[in-house]
Every structure is written in structure tokens, then in C-alpha cells.
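Both complexes shown next keep chain A, but they swap its partner, so chain B is in the first and chain C is in the second.
For the complex of A and B:
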């Protein structure tokens, strides 16, 4: 690891004032589990300065908004998992956050960091000169790609690693983003960007912006939700495929459905065709199976990841049936 | 002999009981000093520079900038390395050639880690890049890039024959051919390699995390041309080894080179990544097998060609142990093994060496031929396994010139089958199950040598009756520091609490080859028994005059009290005897006792019940029985610990753990715990695992004990593959069994009908 300077601003304002115009030179650190424990230790990134934001009061805590929860970006993942209000108003988020890594990671990692973490692609993490590092190749395309994207891939085939992201997209959350010059609010499904939109980044944040808060609308009355994650190991593993599913039922008939996939695309993937296939149907084996099929419609597997197609179908079907 | 008396029903006081590890508290409270915990005044930090080339020649190497950096005390390259090959290895401590990505090309010793790391970056190397090869079969081709001047094959093909396989196949009623593949796999050591070297003139002391201090001593003597008396290797506490620390490695020599050049002690500790990339990993095998059977259910002919990927430098071992020749009665057998060098990291012995791989191949094949014939696979095995009295080869040749003794594989199979309720398995694999989750049961048998070979110990009885046991074997989590004191306590008749073990020191104890290959208990254990007997003889002789000149033969010692047999009131305390006698020291060095026709081996059988999820490809182990012959158990707690740990280590290989290499660069892509996927405590619930100790007694080991450490890792892959077949009707011939493999096999199965077995 290279030497770097470290700053611990007292306020969010001070923090944003320190940020620069270029990604990577001046970097934001929250829990540090990825940027420090991963990127810097593995020499993927050598920032001149780390701006620590974990301790900032303005970025911490879970507050009641109007019809929503407002969760500070520096809130610990384990606090979200254990929070009674999150469990009540957005149980899907608590479930998904509970599936992240290990207890140790959740005790150190923050929600903002989880949403902004970098890809886990082996080539990226081994510092291959790929698109993500400013090169012009995706080494997975003809390499070891069993963990890579089957949907929305190309030119980079990374999958988005976050477990909290699919849940938050399903819940219709939005991100409040702050910079030295002002702030903006972006719906979370517009927060993440595909490689076609920006091959080097996974979200819309500019170098001088901080993700300050996530606004999570209360789960609709009468809705039920579940997060299902498939891994090689039982724990301490990223998703081979995951699904955040939320349905609102009336007399057993689906009024509204949100199905968002993790681990299969460079962004949390909203399976709109599956959602549409469910609307107006009773939730049963047939409609759940059809939704599973629709969820992977358009999937284009690489040489080693075709298994993700049946796996995703099964996971979507089972998630839905568990809500019936 | 007292030993015989003990065997035939004589009650044992200490052995056979449950005793927690004597040093458990030291280890878990952090008081035990592992090499990494040792600090020596003036000690420097060593670091290795690792090459980002997969295969290259070093054209030039310039260390001047690194040497000029303040705080740097020594830099070494291949130019400093003695031209002496490491034992079991083709390379020198440092080479002018890089044969795998991550190979060390230079070493630095500096006042602190930061300076050492800075210095590494200042070393300028010019390479001539060479084409690389990572697949062993590719490497065998004439056109392949050559790692060594004499080619990529290590020595000649090893061929072993018995009978005539070609004739055997023509005589067979059914013949099948299959290929089974095991990838390169991490060896599993939790404590990364670490060494400290300190020179005092031309005397060298090396503290190392090693299984084989004796081998390290030999190696260092050869490297530096020193007499044995000048080199001391100490390995008091070792945080697991699993074979990877049983062969000499370059880090020990590198540390000593740095310390000599810097004239200060140096510590070189591997990071996790270095530990994965540059220790000795479990080698890849491609196992091509052809088997023929007769209608009367007898195995008739077996022809195996095994290709082992040795990686860059390893020379000693191949991918075949003795499963093909020793488990079953087969009149015609031929095995042929090719050991091939490629540009992947160095491999080496890893728990069970090639046996888990060979067991996977053979025990899958046995299941497959049984299925083809419609035979029940357990019955087929029981019909064909070797039993006590059967002919078996004494040496490494094919000829069966010996006789198998104390063999209980039949009991392992029968007791294991009873425990798992074998009759519950599906008569037709995969059939008759509703819903996406399919259950099935599988079995695999194994065998191995029981240990033995040279061992030694020195025992000192102090004047107050307390005892210290010195031995050069190490306790790598195997409980040696507990079991050996138990043998001494049992033999002498003193409380275990009065016996202390000093392990892993080549200067204090007789030479000992190392703790691997199931051998410590049968080797060093027998030496401890013999030396304890000698101590006891001297104690009783000294006690006689204090007990009205009783003859030593009429005396016995129990709990540290010497008394006249049958007259317990006539006694004297050991301490009273020792105060007058002074210290007693006895040394014993034992050798391989296997003589004559008798061949003693160990055996085991594993049974797995699994659930295969047809839709997600997930395999869950529901129940697992590990039935083993280990002779007489010396300490049941340690035995179960070894059986459970070894079994889970074997199972780990089925789930996803695997070293993965990029086909275009030859680099290992997943040298970390997150991506390598060693299982966690949640993956194999210990409650599903049950160990059975099959009753038996060895004729060779101390108190009837056989070695055990390696065997439990052998059958896991085959037992799971066979259980998956029974559950789902799909046959997996490549380890690990990934979701991708399982879902693919299931989808292909849709088109082929199921078979009966």
C-alpha cells in the first residue's frame, strides 16, 4: 500500500469541501471494509487522501420521514439488520442486509459503503488492465466467468455485488446526494449505471459528491416481501444470484409486484417482465414459474455461467411461492 | 511382555481414555508461542519479491537501489543462493528462472516491514518472457514450452503390473472406461509459513512452522555445508501443517540466507496470499481408468493411467498411492503414472497426498461398474475387498508377496452401513422421489499404511519424579504433545500431569523424519514406549534396596508409587527413589518394524446421505458416517477430533474449494479466503457427522495403535459423488461439484433414462 494522508472532517460540509474533481485521488472512506481492506491493500487504488465520513453525525441513524424511513449512509449494516423500525417498515431491507458477508463485515460496513462498493470480479480484484481500471478489455468475457453477468452485460460483465441494493430498489428507495455546491435526490434505480452508460463506474456519483441518506418508503400496506440469496457457501460469500421480491396481494391476487435480481447483472436488475407477468394473477406454482421464466428473458450467458439462468428461475419462483 | 499383557485385556490406566489436549489452554489463551510470536532483539523483517511473470528467464537483476535504501540490511537473489536443490524439489532457494507466477525472485531484510516493502519495489528485473503451460496433458506434448532442460516429465512413467490386464479385459464380461479429475487445491494450513533464522558464527538456529524439523536440518546443512551439530531447528508450536509443511520449502533457506548476509536475526512471515500461492498445494490429477468384471461379481482387470500436475518444482510424489492395488482383490492390475511439471505454483504432499484423488477415481469407478451390472454397490465391495490373510504386496512392486494382517475394512463397511441405515438408499438412483429435493446415500472405501518408520525420543526423569519427554516430531494439531505423554505415563505408571512434552527440537531429541504419513504415533510413539520401559526398569532397580531388597521383577509402579506386587503396603514414592538415584535419562530410536510376510495397513469407509436440489443444484450433506480402523484408540477425544477434521477437509473439496488459474496468464485468480471458498463452520454442520472407531489392535504400534491422521480425508469426494448419483442419477467426475456442473448434468439427464443399481 502507498502512503496517503488521512482526514477526519468534523461536518459533512467540511467533508464535501475536501473532495476533488477526479475519482480515486481523494477518496471517501466509511467503514473501510472495501476501500481500505480491499482496494488499497490489494493495490487497486492509491489515493492521495482518504476522507473519513463514518463518524459524521449527519450521516448516521435511522429516522422517520413522511411515509418513509431515512437512513444515513454511514449507518452500520448490523444496526439496520437489528433495527425494530426497519424490521417493521422495511423488512425486506433488514433481511437483505442480514445476508451480507459475515457479522464482522456488517459490524464495520455501512449502508452507503455497501451501495458504493466496487465489483468483486476476479480480474478487477487482481488488477488486470480491464475497463474498470481504465483499460479496454473485459477479461472475464473469455476467461473465468462463472460468476459474471447474464443480463445487461457488456462491454464489462461484472455483477453488482451489493445485497442491500436489490432490496432498496424493490422498495422504491431514493438517494440523497450532497456536494459542496448543493444536493440532489436520485431514485435508486437511476442511481446505478450499466457499463454501457459508464464503463468505469457503477453509479452516478460524481467525484465531489457524497451519498448522504437513503429514503426508504414504507412497504405498502398488505405487501409481503422476501430476500433469497444463493451462495457457494452458507455465509461469507457474494450472491451467485439473489432476488428481492415484494408483492401486494388482495384476495390472493397480485396487485403489484417488485422483483429485483442481484448477482446476475452489472446493476440491481429490475425484472419488469416478471413483475408484469404476475399482475392480476393468483400467486401459485404456475404464475410463480412463469415469473421465473420472464425474469431471465433476454439473458445471454457467457461460456461458464449458463447455470445462472435455471438458478435464477428457481430462486424467483421459490421466493414468490413463499409469499403466497 | 508387559505390552502383550496390556493388549490382552490388561486394564489400561491412561490410554484409551478421553483427555483434552494437555496444551489446549496455552493454545487458546494465546500463551503458546508460535514462530510468529517469537521476538529476538535486533531481529529484522524479511520479505520476498514475487514475480508477476508466469514463465520467464531473468536476464538481469539490479538490487543496488534497494540496497542503498536506509534501513535495508540485506538483499539476496539467485546469485546468493547455493546451487543445492531443495529436498523433493527441482529448484534452488532462488532461481534465475521463474516457473510460476508468484515465485520468489529476491529477498530483502530491513529494519521494518515498510522499509522492506519499499525496497522490494526498488529491485529492477529484466525478464525474457517464455511461453507457459498449465495443463499437464498439454505439458506432455513435444511442442510444449519446457520448464526444465530434460523436459516437463519428472522421471520415467511409474508402471506397476500384476497379471495381464489386456487378457483380463478379454476375459471380462463387462468393461467400462472413465476419467476423473481433481483440480489443484489449497492445502489448508491456517498458520501461514513463518521462519526465524539466527546465526552465531557458523552455527544456525532456525525457528520454523514445520512438520519436519529433521528434514529442515538436513536441508540447511546441505545448503550451507554445515555439520549436523551446527544446525538446530525448533518447531515448538505449529498452527497446522496438512503435509504442506512436511517438505522443505524455499522460505527457510531464504530466511537463513538473509540472516547470514545481514548478520542479524531475520523473521520471514508469509501473508495469506503468499501462503496460498507459495506453499505446497494439493496436486491436480487426471485419472483415466478402465475396469473389467465377471458375471460372478468379481473384479477382474483394472488399468489406470494417472497424470499428475506437479506444478513448478515438486519431484517426489505421484498421484497414486495404493488404492488401485491394495483395496480390492483384482488378479490383473496395471497402473501407470506420469508426473508432469507445469507453470502453476509448486505442489507437494497434502493430507493423504494422492490418496484422496485416487480414492475419488477408484471408488467412483467401482460404483459405476456396479451400476452398469445392476449390482448393489456395497455388496459388490464386500465381495471384492481384501481381508485379513489375503495376499498383498510388501513393497512398492506389483507382486503380492506378503499377507495382509489386522485388516478390518469389512467391519468398517458393515458398521458404517448399519449406522447410516444403508437399506434406505434408492434402489433405483434418482427414482421414486417427488419434489425438487432428492435424497440419496453413497459409500466409499479407503486404506493406507499405518505409519511407522524411524522415530526417537529422549526421556528424562528428574529427581522429584517429574518427567520430560523430548522428541523432534511436531504437534500440528494432531495431539502428539498429549498422546505421547500418555504413553509414557501408562508405561511408567506415573500420572499424566507429571509428564511434559518438549517437541520439535532437533538438538534435544534424536533425529526424526517428520510428522506426516500417519507415522508419529507408530514411530515416535513406539520409541516413547521403549524409553519409558527403560526408565521404569532403572527406577524399579533403584527402588529394590528401599523395599527390603525386593527383586525388580516383583515390583510395579502406579500413580508414581512403587510397590511390591500383591502387597500394596510395601511401597515407596517415586520422588523418594529419585532423590537418592538422581536423574534417569533414556533414549530410544526405533526403526520400521514391518518384517516377514505380514503387512499391516489401516482402513476406513465413509457413508454420505445427501440432498440434491434439482432446481438450484445445491447439495446438502444430511448425514455422514466415517468408520475407521486405527488399531486401539489412545485418546478418544483426539481420535474423534482427527476423524471429524479430516473428514470435513475431504468434504471441503466437493463444495467449491479449488485454485483457479487464468488460461491466458497462468495466474491464480482466487488466492484469498473469500474467493477460494474453504468451507465455514456453517457449511458442514458437525452434528451431521458421526465417527465410528472400529475395534481392532495393531501388531506394530504402541499399545496396539495405528496411525490415523490422513485417512479421513480420502473418501469424501467419492462418497459424495456416489451419494449424488444415488440421489439424482447424475454422475459427477470432476471435483468440485459446482452448481454449474450439477445443473448441467441434470439438464442433460432429461434425455437419458435412469438405470438400476
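For the complex of A and C:
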């Protein structure tokens, strides 16, 4: 690892003032599990300066908003998992956050960091000169691609690795982003960008911006939700496929449904066709199967990941049946 | 981290002068043990003349220290190579195996991936902080009774994760214990004995 200078600004304002005009030279670090434990240790990134933001009080904690929870981006994942108020108002987020990594990782990592982590693609992590490293190729397209995207892939075929992101997109959360010159609020489904929109980055954050807070609307009254994650192992891994499913039922009939997939697309993928297939239906074997099929409509597998299609269908179906 | 990155840590002039006045013979000359009231809530300071080193104050097992290290130093390296607390092990150095598990401000973390500068102002608990003199901590006792190890390399991490679990959930089910320790690998695969140790530790800790 290249050595670097380190700063621990006293305020968010001081932190944004230290940021530069390009990604990578001056890097923001919260929990550090990805940028320090992954990218810097593996020499994917050698920032001149790390700006530490985990300690900033302005970025910590879970506050009641109007019909929502406002969660500071530097809030520990463990605090979210254990929070009675998150368990009550946004149980889907608590469930998904509990599936992240291991206890130690949740004790180190933050919600903002989980949303902003870089791809797990082995070509990226082994420093191949791919799109993500400023190059002009995605090696997974014709290489080892069994963990890569089946939806929205191309020209890069990474999958988004976050567990909290599908849950937050399903809940309709938005991100408050702060820079030295002001702030903006972006709905989370617009926060993540596909490789067609920007092949180098996975979200809209500019080099001089900090993700400050996530606004999480309360789960609708009468809704039920679950997060299901399939991994190579039973614990402690990134998702091959995951689903955040939330349904609002009235007399057993689906009024509204949110189905968001992780691990199968370069962004958390909202399966709108699956949601539409459920509306007005009773939640049962037939409707859950149909939703599973609709969820992967339009999927285009690579040479080694076609298994993700039946896997995703099954995971969506299982998630929905558990809510029936 | 490659070996060549583990720079030989030198002593700053200021630290040397202070260390000369304060340090006890048992500690390395880069260390300055502080009084019990000092050391908390202090942000790191860049070392004079080198912005890529930091002066750090932290408490480990109740003792306050001041060290001056390159910013690439991990908490695990600080504990092992500066403070000579070698009970904390480094296996994968990548947050995968859990051998380096210690507590920072009461939470279990992978010390291989906590930059030492990030630990400035914190209270760290390592395996060395559990026993009281010659009396083992109940969790250590349970691991001895059940032989919750084979080669022993992962054991200090397993014990620190067990402590993190029992601190928050004194009576876990076996399934909760399995989940809580899933971030600690045992290459000898002594998992059954480790689980027995955790369940016994829960009973002993409450006795």
C-alpha cells in the first residue's frame, strides 16, 4: 500500500472543502472496509489523502423525519440492524443490513459505505485494465462471468454488491448529497447508474460530493417485507442473487408490490414487470411463480451465468410465498 | 500488505524525548504510556514534517499509549509490532478469517483492516485484556475445557467474537452463536468444539 496523508475534519463543511475535482486522488473513507481493506490493500487505488468521515456527528444516527427515518450515512450497519425504530418502521432495511458480511464487518462498515462500495468483479479486484480502471474493455464479457450481470449488463457486466441498496430502493428512499457549494436530494433509484449511463462509476456522486443522509419512508401500513439472499456459502458472502420484496395486502389481495433484485444487474434492479404481475392477485403459488418469471423478463445471460435466471425466479417466488 | 510496506518504524525526536522521560523498561521506546486519564477522545495529529505519519493516542486493555506510526499501519500491526501484544493474530489480512478480531469501543472488528489512525482516541480490548492475573476469563476457561481449538491460531479471534456475542446476548441459542461466529474461520475445522465452548462460556459467564 502506498502511504497517504490522513485528515479527520471536524465538520461536514470542513470535509467537503478538502475534496478535489477527480475521483481517487483525495478519497473519502468511512468504515474503510472497501476502500482501505480492499482497494488500497490490493493496490487498486493509491489516494494521496484520505478524508475520514465516519466520526462526523452530522453524519451519524437515526432520526425521525416526517413519515420517514433519516439515517446518517456514517451510521454503523450494526446500529441499523439493532435499532428498534428501524425494525419497526423499515424492517426490510434491518433485515437486509443484517445480511451484510459478518458481525465484524457490520461493526466497521456504514450505511453510506455499503451503498458506495465498488464492484466485486474479480477482474476489477485483480487490477485488470477494465472500464472501471479507466480502460476500454470488460473482461467478464468473454471471460469468467459466472457471477456477473444477467440484466442491464454492457458495456460493463458488474453486479451491484450492496444488500442495503435493494431494500432502500424498495422502500423508496432518497439520498441527501452535500458538496462545498450546496446540497441535492436524489431518489435512490436515480442514485445508482447503469454502465450505459457511466461505465466508470456506479452512482451519481461527483468527486467533491459526500453522501450525507438517507431518507427512508416508513413502510406502508399493512405491508409485509422480506429480504432473501442467495450466496455460494450460507453466510459471509456477496449475493449471487438477492431480492427485497415488499407487498401491501388487503383481504389477501396485493394492493402494491415492490420487488428489487440485488446481485444480478449493475444497479439494484427494480423488477417492475414482477410488481405489475402481482397487483390485484392473491399471493399464492401461481402468482408468486408468475412474478418470478416476470422478474427476469428480458434477461440476457453471459456464457456462464444462465443459472442466475432460474435462481432469481426461485428466490423471488420463495420470498413472495413467505409473505403470503 | 506486502512485506516491503511494513516499514521499520522509527522514533520521532519528540516521542524519544518524552519516551526517555516516561517510558518503562517493559515497553518499546516508541511507546509512551500515559496516565490513566489521558488518551481518550484525541484525534490523530500529523507528525511534524511528515504528513503521512500520525501521532496516535489510544487505550489498549485499559492502558493509554501514544505512538507515532506511518498512516499505512493497521491496528493489528500496531498491537503486534509496536505494543508487542501478539495474542492478536493476522491470518488473511483481508477481513476474511477473523484471527485479528479485537474490540474497539465495545464492538468486535477486524483489526487487520482498521487503520491505526482511525483507532486514535478509542478503547481497544484484546485477548490479553481478558484474564485477571492467572485467573482465566470464563470464555477462555470454556475454550480450554472443551478444547475449542486444534492449532490455536484462530482462537484469540474466536474468543473475542464470543465475548462480543455474550456481551449483547448472554444466553444465545446455538444458531445465534453460529451466526455470531460466522466471521471467524477455523482451518482445522474445530467448529463443533468451538460451538460447545461458546455455549459453556455462556453458562460460566452467568454463573
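In the analysis below, the second predicted complex is superposed on the first by the 324 of 324 C-alpha atoms of A that agree within 3 Å, B and C clash if a C-alpha of one lies under 4 Å from a C-alpha of the other, contacts with A are read in each partner's own complex, and residues count from 1 in each chain.
By definition in this document, a residue touches a chain if its C-beta (ideal position, glycine included) is under 8 Å from a C-beta of that chain, and two chains touch if they have at least 3 such contacts.
Note that the structure is a prediction, hence the values are computed from the model and not measured.
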First (chain B), second (chain C), both or neither touched by A:107: second
First (chain B), second (chain C), both or neither touched by A:310: first
Which superposed partner A:146 touches (first chain B, second chain C, both, neither): first
Which of chain B and chain C A:244 touches, first, second, both or neither: neither
Contacts of A:236 with chain B and chain C, given as first, second, both or neither: both
First (chain B), second (chain C), both or neither touched by A:123: first
Residues of chain A at both interfaces, chain B in one complex, chain C in the other: 235-236
Parts of chain B lying in touch with chain A, wherever the complex brings them together: 436, 615-618, 655-656, 660, 662-664, 667, 669-670, 673-675, 677, 679-680, 682-683, 738-740, 743-744, 747
Complex contact set, residues of chain A against chain C: 1-6, 8, 32-33, 36-38, 41, 50, 52, 54, 76, 78, 101-105, 107-108, 235-236
Residue numbers on chain C that touch chain A, as the complex places them: 1-2, 5, 43-44, 46, 51-52, 54, 70-72, 93-95, 98, 101, 107-110, 112-115, 117-118, 120, 161, 164-165, 179-180, 182-183
Interface residues, chain A side, partner chain B - complex: 120, 122-123, 125-126, 139, 142-144, 146, 230, 232-237, 240, 304-307, 310-311, 313-315, 317-318
